[in-house]
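Comments concern the structure below.
Letters A, B, C and D mark the chains in the order given here, with residues in each chain numbered from 1 onward.
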Amino acid sequence: MKIHEYQAKNLMKQFGIPVMDSRVAESMDDGIAIVQDMFDSGIKRMFIKAQIHAGGRGKAGGIAEIRSMDDAVKALNRILGMRLVNNQTGPEGKIVHKVMIVEADRAIVQELYAGIILDREHELPLLLVSAKGGVDIEELAVKHPEAILRQSIDPWLGLMDFQARNLAVDLGLTGKTVDFAIRTFTGMYHMFMNLDCSQIEINPLAIDPDSNMFALDAKVALDESAFFKHPELKLLHDPLEESPLEIWAAKNKLNYVKLDGEIGCMVNGAGLAMATMDTINHFRGKPANFLDVGGGANTETITEAFKILLSDNSVRAVLINIFGGIVRCDRVAEGIIRAAQDSAIDRPLVIRLAGTNAAQGMDLLRRSGLSLETACCLDEAAERVVALANEGVNR
Amino acid sequence: MKIHEYQAKNLMKQFGIPVMDSRVAESMDDGIAIVQDMFDSGIKRMFIKAQIHAGGRGKAGGIAEIRSMDDAVKALNRILGMRLVNNQTGPEGKIVHKVMIVEADRAIVQELYAGIILDREHELPLLLVSAKGGVDIEELAVKHPEAILRQSIDPWLGLMDFQARNLAVDLGLTGKTVDFAIRTFTGMYHMFMNLDCSQIEINPLAIDPDSNMFALDAKVALDESAFFKHPELKLLHDPLEESPLEIWAAKNKLNYVKLDGEIGCMVNGAGLAMATMDTINHFRGKPANFLDVGGGANTETITEAFKILLSDNSVRAVLINIFGGIVRCDRVAEGIIRAAQDSAIDRPLVIRLAGTNAAQGMDLLRRSGLSLETACCLDEAAERVVALANEGVNR
Amino acid sequence: MSILVSRDSKVIVQGITGREGTFHTESMKKYGTRIVAGVTPGKGGTRIMDIPIFDSMKKAVQTTDADTSIIFVPPRFATDAIFEAADSGITLIVCITEGIPAIDMMKVKKHLKSIGVRLIGPNCPGLITPGECKIGIMPSPIHRPGRVGVVSRSGTLTYEVISQITEVGLGQSTAVGIGGDPIPGTDFVDCLELFQNDPGTDAVVLIGEIGGNSEERAAMFVHDHMSKPVIGFIAGKTAPPGKRMGHAGAIIAGGKGTASEKIKAMESAGVHVVSRLSEVGKTLLRSLDH
Amino acid sequence: MSILVSRDSKVIVQGITGREGTFHTESMKKYGTRIVAGVTPGKGGTRIMDIPIFDSMKKAVQTTDADTSIIFVPPRFATDAIFEAADSGITLIVCITEGIPAIDMMKVKKHLKSIGVRLIGPNCPGLITPGECKIGIMPSPIHRPGRVGVVSRSGTLTYEVISQITEVGLGQSTAVGIGGDPIPGTDFVDCLELFQNDPGTDAVVLIGEIGGNSEERAAMFVHDHMSKPVIGFIAGKTAPPGKRMGHAGAIIAGGKGTASEKIKAMESAGVHVVSRLSEVGKTLLRSLDH
């Protein structure tokens, strides 16, 4: 689960990572009061930063520099409520509901990069640092891989001081900045392990003219599977960051991801759901979503799944692909029939059942009198649903 | 470093180990006020427990049961300021400066034992538990070793729930007491590792009729070498628990332990100091102390060491045994001469120097005009100092 | 022949008294799996389906001499259950539970490696040697004894593929679901090596998906060490970057782990990559004709 | 011949610019030890006594190909220094520093064991192969090349014993101070095994003290595996229980670790236990006459 920059920085503070104090506003009034307060306390320059779960906010107009109340009013007006669009938000963009206001009086002489991820290949936390901060790290990794220094961390031993120090020295740091770097890297590691993060990124990690170091930006993702250990982290979830359909699906324990196509899919199993999307794509259709109804596909989950699919206006036809294993296909068919009767299905529906009692299930569907098509295999189903979706457009 | 029961329990609370709330009094007035307060809050029965660094306080009269203010006054009068003597305090006993007052309304249906030590043989933390709590564990270990269950803990993995649970089950616990035991054992382990303890002991670990578990007594020792990690733990040091001479020595970075003999010793190196004590003993003398002046035996340390030795009235003669290595014996001799001139040495002094420049050193001593004897070897020195000590008595 | 499990496997079910545990224990038992004990702390001494229940793995293993365990406990307790199994003398642990934190798995795996205990999963359907023994939650009837090894990060997708293998007239030596988590206890390479060395396996079907680079490493292994034909399928060609596709491990992160990278790596390593799911069975048949 | 260190040892001094580090580096250099580098973070690129200083062990080892390090850094940094040395490719680490927390040492030792790096100390005087190489803080002149191995938990007490050995006309193959901490990196048994296998050692003097049971374990090793005579001395016969006698490890705790237990164990294992310090030299001579 991604969290906001301001939330990430609050967590970082708890782990001794140096960050600038910042405050959050959700309205013009709050924003103006905060800015006024900060000017009053002697701060001369600040940034107003849109709080959305996406990078590249600066280029997309989500960050403003403030030197006067006038600047502040203009910036707050512009940013609060704006639809920020860039390659990280997807074409639909993200509405800005919150801004972070942060002091920016300190000059910056150098911008570094520091991040920790779980390295799936070596199955260890991996600390990545670079003297070339402030740029896109994925791009840097491709263009200048040698500019990124790496330190794998043994979870039994933790990040040791000498490892952090050697990285700092290799980054070209000296004097007290080395100590700052040790504190920052060690804090990042402790945060990563103690909060079960899946990613921590500080980019840029800034150095001021007095050799102080602090996190200018912060990106943190948390492992939702570990929330049972840290129930307080659950509260950092911002529902405004997800599409309403995704929230609805999550409430019903459905794995749903909105995509930008026109064919709704309902599948049991994540791998099969992806393979179904791929098959639709093969027949030149575009899936409108990923939807895994899970192992226990019953009437309730299927009903909810239907509602979610149909409430997406871009869906022009629906494909259901269920492989009956422990769940028998005749039961699934009964569920589909009941759910279809409950929902007003106003778009073409193609169903393919396979596995345990598939024939009985298909038979039930065909005899249900519902307006739906059955297919014997995935290829046929996908081809047919794409055709139906196109018919809808051409009609 | 040993700490008091009440301090140990406060630390335990931070690690989720269930303890009864308690308060500490250092005076009659405080004690009476606390007891009154506790009676007022509805508590009907409490214990007043002497806070000294020794077990066996109950048998030595350091614990009193209180059911009325009258009981409380009597108990406080008796215990505060008492000299508590048992085999753990040594013959000189310990003055009680503080008492802990603790609720005792809950009945107790079973008393267990739980302790963690650093197992030097396997070099791992070792959790020891027994269903036979409330008795001396060393005695139990000798008489009923099978009554003590052991679990070595891998520091990389920590004490795992299943290990704690299996111990609880093997202790015969059931139901929610098992969960209490898991919490207690796990808390003890975390405390042991996170505070660098050298020992944690809960004896007895009590179970009440409602299957609740709590620590009735608590004994904790801390690794002083780790105080740089936990400076706050240093503050738990109670100087009243040490002999004034030991505190004086510690201030001067001298390793001094008061013993009950009559021959003061000053040696460089802990092993050599012990061997010197053993040699004195061989010649039927009894060492009055262990004193290691360390590697850098210079005029200052020797002067302080002299002062400490001579301020111990049981010392009847002093043996100095220095092996000059990096520190040259002529330098040591100069130090001794200057220190002896500064201190008024009123008891016989035998000096043996060996190693680097020993002959020069001995020569300096002999020509110093001071009233001291030199010896060529440790045996001679020990034999002579014992004789001089006995002469003093016979004189 | 088979890998990892056979009719001789003696299995303990951890969490046998839970709903899932009981349901699948019955199914496994019916399949012929030797379920010798169950473990549920606090229920030691009782029985379920005539299977003795113990309070701890240690006691269960001491009494039954089991070599394998299958875990159905909730995620909060699953890590501890794995450690307990590993400590008890079990040599193969199959963890069905979904939702174990990745950092915990990292620690689990490091420990298991150091003591030489193998874990399948977590978040996996388990494994089956058709006709001998099922240690998992897969539907029994789709399987048939045979000489094709199957290894997969997926569940129903694997069943789909297994059905195809069975439908084209072949069967499976062993089918292993390694699970969809970022850090699986056993990975493709481990299974490929076992299949390569198993005289009962003639070909291997590998079902991968987006995320991580275990398919790339598998490709390297195939290239360097395998003589048997390997048929590959990768799900998620149309998955967008940065979005988790159900499985915790199925995510294109930092531009890495795309299906096209994986397909490229596998093809250049000589794997017969199937581009459409429906073609797996046929491709397998063709590869065996060579 | 010798154990652990010889004229070929290439040594890095960690903490070379500290007072102790500089002082003893000079002494070691004078003795003929090949000090090839020093490490002090932040002082890389400078020199001291013509020895190049590096910022990190990694760079120092890469540049000099050293195999041994000696640590003089304060206790707060010593654990990290050991880990850094272990990570750099060094195979023998000698830690002079006193005051490393016992729990840290436990972790250090577990790690070093897993990667096969040997640590002498901490809280020890180091070790010396007379005439070849001194990696420690012991006074040089008392030593003489010879065929007696010495291993000890103590400092000055060892010098006393070594003087006696030298005075009776013998010399030392190697003398190892394993240190007075509860968890020493290398213990008596390790050294006894090395001495037993060293053709340059004819007899071993073992100097123990109260606390722990490493002398008892040494006795068992002598009994089971040693053919060379072993002379033993235990300090602390008159030490009271529960009081730490200077060394962190020298404490009779829980009634365990008394001198009499140790002496008993050693005597019944065939060790020539010397009851009075002054008798070590003579007893050694007698044991060699047999």
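Definition applied: contacts are C-beta pairs under 8 Å (C-beta built on N, C-alpha and C of every residue); 3 or more make two chains touch, one makes a residue touch a chain.
Note that this is a predicted model, so its numbers are computed, not measured.
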Worksheet item: Counting one step for each move to a touching chain, how far apart are chain A and chain D?
Response: 1
Worksheet item: Among the chains, which has its CA centre at the largest distance from chain D's?
Response: A
Item to complete: Name whichever of B-C and A-C has more C-beta pairs touching across its two chains.
Response: A-C
Fill in: Separation of chain A from chain C, taking each centre as the mean of its C-alpha atoms, in whole Å
28
Fill in: Whole-Å gap separating chain C and chain D, where each centre is the average of the chain's CA atoms
51
Worksheet, complete the sentence: Whole-angstrom distance, CA centroid of chain B to CA centroid of chain C, is 56
Fill in: Touching two or more other chains - residues of chain B
156
Worksheet, complete the sentence: Residue numbers in chain D touching two or more further chains are 107
Worksheet item: For chain B, which residues are in contact with chain C within the complex?
Response: 156-157, 160-163, 165-166, 169, 174-175, 178
Worksheet item: How about chain C: which of its residues touch chain B in the complex?
Response: 41-42, 44, 55-58, 77, 80-81, 83-84, 87, 107, 111
Worksheet item: How about chain C: which of its residues touch chain A in the complex?
Response: 27, 75-76, 99-104, 106-107, 109-110, 137-139, 141-142, 152-160, 163, 180, 182-183, 207, 209-214, 217, 233, 235-240, 242-250, 253-255, 259, 275-278
Worksheet item: Which chain A residues qualify as touching chain C in the complex?
Response: 88, 90, 117-118, 120-121, 123-125, 137-138, 141, 155-156, 192-193, 196, 198-199, 223, 225-226, 228-229, 255, 257, 259, 267-275, 277-282, 286-287, 290, 292, 295, 323-326, 354-356, 377-379
